[in-house]
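Look at the two complexes coming up: chain A is in both, with chain B in one and chain C in the other.
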Partner chain A sequence: MGLLTILKKMKQKEKEVRLLMLGLDNAGKTTILKKFNGEDIDTISPTLGFNIKTLEHRGFKLNIWDVGGQKSLRSYWRNYFESTDALIWVVDSADRMRLSDCKKELHSLLVEERLSGATLLVFANKQDLPGSLTAREIREALDLDSIKTHHWLIQDCSAVTGANLLNGMDWVVNDIASRIFTMD
Partner chain B sequence: MASNSNNVYSLGDHDSEMEMDFTHEGEADEDLAMGSSTKDVLFDSVIGHIEDIIMEEPFQIIQTSFLEKYYKEFDDSEENKFCYTDIHKEYISVIESYLEIELKKRMSDFSMVEFTQQLRDRKQELEGEIFEILLTFSDFMAFKEMLLDYKTEKEGNTIDLSGGLTVVPVKDKLNLDDAFCISGKSLKGP
Partner chain C sequence: MADWQGNYSVTTTTEDQMSAFTDKLIKREEERQTQLQKRRLEESEQSFKIQDSVRNFLDSFKSERRDLETSLAESKSVESSKLVEHFDILSQRVSKLQRYVSESAMFLPPYELKTAQNLLTSLQAKIQEKREELLPKKRFAFKSSNKKADKRTVVSVGNKSEETAKDSKSEDDLVIELAACKFVGTSNKTLQKNGNEINQKDIALANLTDCVVLLYGAPSAIHMNKLKNCKIFSGPVPGSIFIRDCTNCTFVLACQQLRIHSTTNSHFYIHVTSKAIIEDCNGIKFAPCNWTYDGQDEDYALSGLSKERNNWDSVDDFDWLAADAHSPNWSILDESERVASWNV
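And now, the complex of A and B:
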């Protein structure tokens, strides 16, 4: 690790956190990001690279990294693991066909060493769609109860209506804050 | 300003100056005996050298050559390409190695390992413009902005305000708690 990287880690502000938002393509990651930021969400096209936004929430500065989820792009995810405080895993709750794929990708992230200290929030998104699975059903399909290595929470939400997005973010911030506090 | 796109910033030229200096083998013992004020002076002089190095022309040339090599890859759109991340990593490593080479030229017994340890020991007292500048080098959004500024300069685009301003819709679509404050700031520090 070089001088600049060391300095960056040292000078990282106490109340500044890095959130990495991942999930299969079409899960709604970018929509969640833009909704948070109060931007128009009518014309979002598939993300082929990554987006970054910085938001203020309860005195915390949240740097949110949203990386494209298409299959061919998933190998790039690893480039964004470093210094991640929380992983936000976004699920299309109406996409029953790909739940096993979704589970496999999530569990492969949880064994990554650079994400080992990260809080995990699962957004069961698209609750506004008819036929979407409930958070409880997603929790079972993704076998979340088997996760012992990370603090996790599943939150049902709708990026389109904005429902419950803040609840999820509140939990993430609280969990990170309590972890940092305990470490000190 | 460097106008060719060859590796003007290549650091290989300096290899000959990286020869080890074995005249300070007793250094560790000296270090133990060294008073804290001597250490402060040494630390301050490294910082002083870093300030000099990044203000000098060769550094500006490295910077410009880097911009020249990569500005065409960058587009002024909100979404980032994956290659930006690789280019930024290369930028950080170019600057890190140049700083180290130059510091060794100027202080024969300079050790980056020791210096970074001193930085850690002084974690609470690292204030000042130089640290802000060093932090900017590793800030991705600042990096992207620098490349885009260079691109605009190169391509002679006039400033188009309509592209720089974003009309933000009324935030009433999202039911916001009063406690939640949203702003559209970039990652770049103040």
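And now, the complex of A and C:
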């Protein structure tokens, strides 16, 4: 039994996964987290620092880390990379003026060694706004098709209405489960 | 004699014992065999059960998948008014199927699991593709109606924002054309939009100089970029307002979140229900929002923004984390310097 197998077995027992939620400021990361957890979303202030929530979902214990996306905080993102099972990249689909920033930041994360095994979910958030770009347009703008190093999926969603948040989370959990937890 | 008898009796007992022993052995062997057979039967039954449930899974997965593909293929013949519902049902069924797969993961061989998951992912992608093909985002339709709307405002404003917007498309930082609801690349104008044009929409303001922008209504979100010497007024925004690269401007805004970046020498008259933040800013002054217009209460009701809660003087500076000293980048606008009434 190799060390990896032992580690896998240990994780399997706990069924615990660590999700890191990043994205530019104003993308809606905290709103997604709170909506997913069933909390009030009307009083959210821009995140100075980070939020962490542990919640049960389909028998899994999800530790979701939501780190502020302000330019001055992005240099601290690296402190949260360790043992991340999935990266959730949140995009403000209506923020057409900063898509190139968004693309640049995302691709700089994907070359990080400590995120190399992580599943990538891209949330095309704010689909409730009529001026938002579609998931396909975001996929092209962020050049997601060039990503060969990570399992990825883009999911359109709206944190305000809650639409498709569960779909995305279900995919993340399934993808991690099929990767990490060995099936007996 | 006694000895012989004794011996004899001993021998008999031994023989009796022996036969009894053999009987016992045979009996035990028989018992063992039946038990073994029973166990074998059970085992094969169990493995049959697993195989059965795998087969069951594969069958129902296949039929549901086929079914989904057929209804997806029939999407074209669905009435356009029912398309949204049609696609919603499809995605619901896919996520149900996804749940079925994960619940069955326990007994599925890894290969089957992988195959099922791949099929699901491709199905999801197909549905999304079809949806985007048949249900293009509203903004395409919205754009043409917006032109009409713009013409209506031409009477009062006489703007050319539609044409100038096209010119600015080539700007290097605007990779993608801005959404339909916008004012871009204008100077020395009074620009106005009313509730029927902007309610629940997201608005972009970019590259404006010496302009006055009046947004009467309750838009969902506003993005502002590169404004100079402008005055911006907006009704209540239930979401966030995002401002960057502005100088010498006055903003009169009501919103849930206010994010200000790389902005200098500007005054903010604000109503903010959470907290305003600034980053890379200096010379920013805040005052409470004091602009009123006819129909403002209705706009507040429509937006759902609280009229009572206003944290206009609670500002986070992301470049100033010391709690014991006040940030040098922003201050409260002295009451004597505040504009008391807006003639707009």
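Throughout what follows, the second predicted complex is superposed on the first by the 166 of 184 C-alpha atoms of A that agree within 3 Å, B and C clash if a C-alpha of one lies under 4 Å from a C-alpha of the other, contacts with A are read in each partner's own complex, and residues count from 1 in each chain.
Definition applied: contacts are C-beta pairs under 8 Å (C-beta built on N, C-alpha and C of every residue); 3 or more make two chains touch, one makes a residue touch a chain.
Please read these numbers as outputs of a predicted model, since none were measured by experiment.
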Specify the partner with more touching residues on chain A, choosing between chain B and chain C.
C
Could you say whether A:F50 touches chain B, chain C, both of them, or neither, answering first, second, both or neither?
first
Between chain B (first) and chain C (second), which, if any, makes contact with A:R136: first, second, both or neither?
second
Considering only touches as defined above, state whether A:E39 meets chain B (first), chain C (second), both or neither.
first
Quick check on the superposed pair: does A:S146 touch chain B, chain C, both, or neither? Answer first, second, both or neither.
neither
Applying the document's definition of touch, where does A:R58 land relative to chain B and chain C: first, second, both, or neither?
both
Please indicate which partner A:S72 is in contact with in the superposed arrangement: first for chain B, second for chain C, both, or neither.
second
Looking at A:D128, would you say it contacts chain B, chain C, both, or neither? Reply first, second, both or neither.
second
With the two complexes superposed on chain A, say which partner A:W171 touches: chain B (first), chain C (second), both, or neither.
second
After superposition on the shared chain, which partner residues are touched by A:A94: those of chain B (first), chain C (second), both, or neither?
second
Intersection of chain A interface sets (partners chain B, chain C):
48, 58, 73, 166
What does chain A use to touch chain B in their complex?
2-8, 10-11, 35-40, 47-58, 63, 73, 76, 79-80, 162, 165-166
Show me the residue ranges of chain A that touch chain C in the complex, using the header's touch definition.
25-26, 42-46, 48, 58, 70-73, 94-97, 99-100, 126, 128-137, 141, 153, 156, 160, 164, 166-167, 170-171, 173-175, 177-178, 183-184
If we count contacts the way the header does, which residues on chain B are in touch with chain A in the complex?
78-82, 84-85, 92-93, 95-97, 99-100, 112, 115-116, 119-120, 123, 126, 131, 134-135, 137-141, 166, 168-169, 171, 173-177, 179-187
Touching chain A in the complex: which residues of chain C?
91, 95, 98-99, 101-102, 105-106, 108, 110, 113-114, 117, 121, 124, 128-129, 132, 137-139, 142, 173-181, 200-204, 206, 220-221, 223, 225, 239-240, 242, 256-257, 259, 261, 273-275, 277, 279-280, 304, 306, 316, 318-319
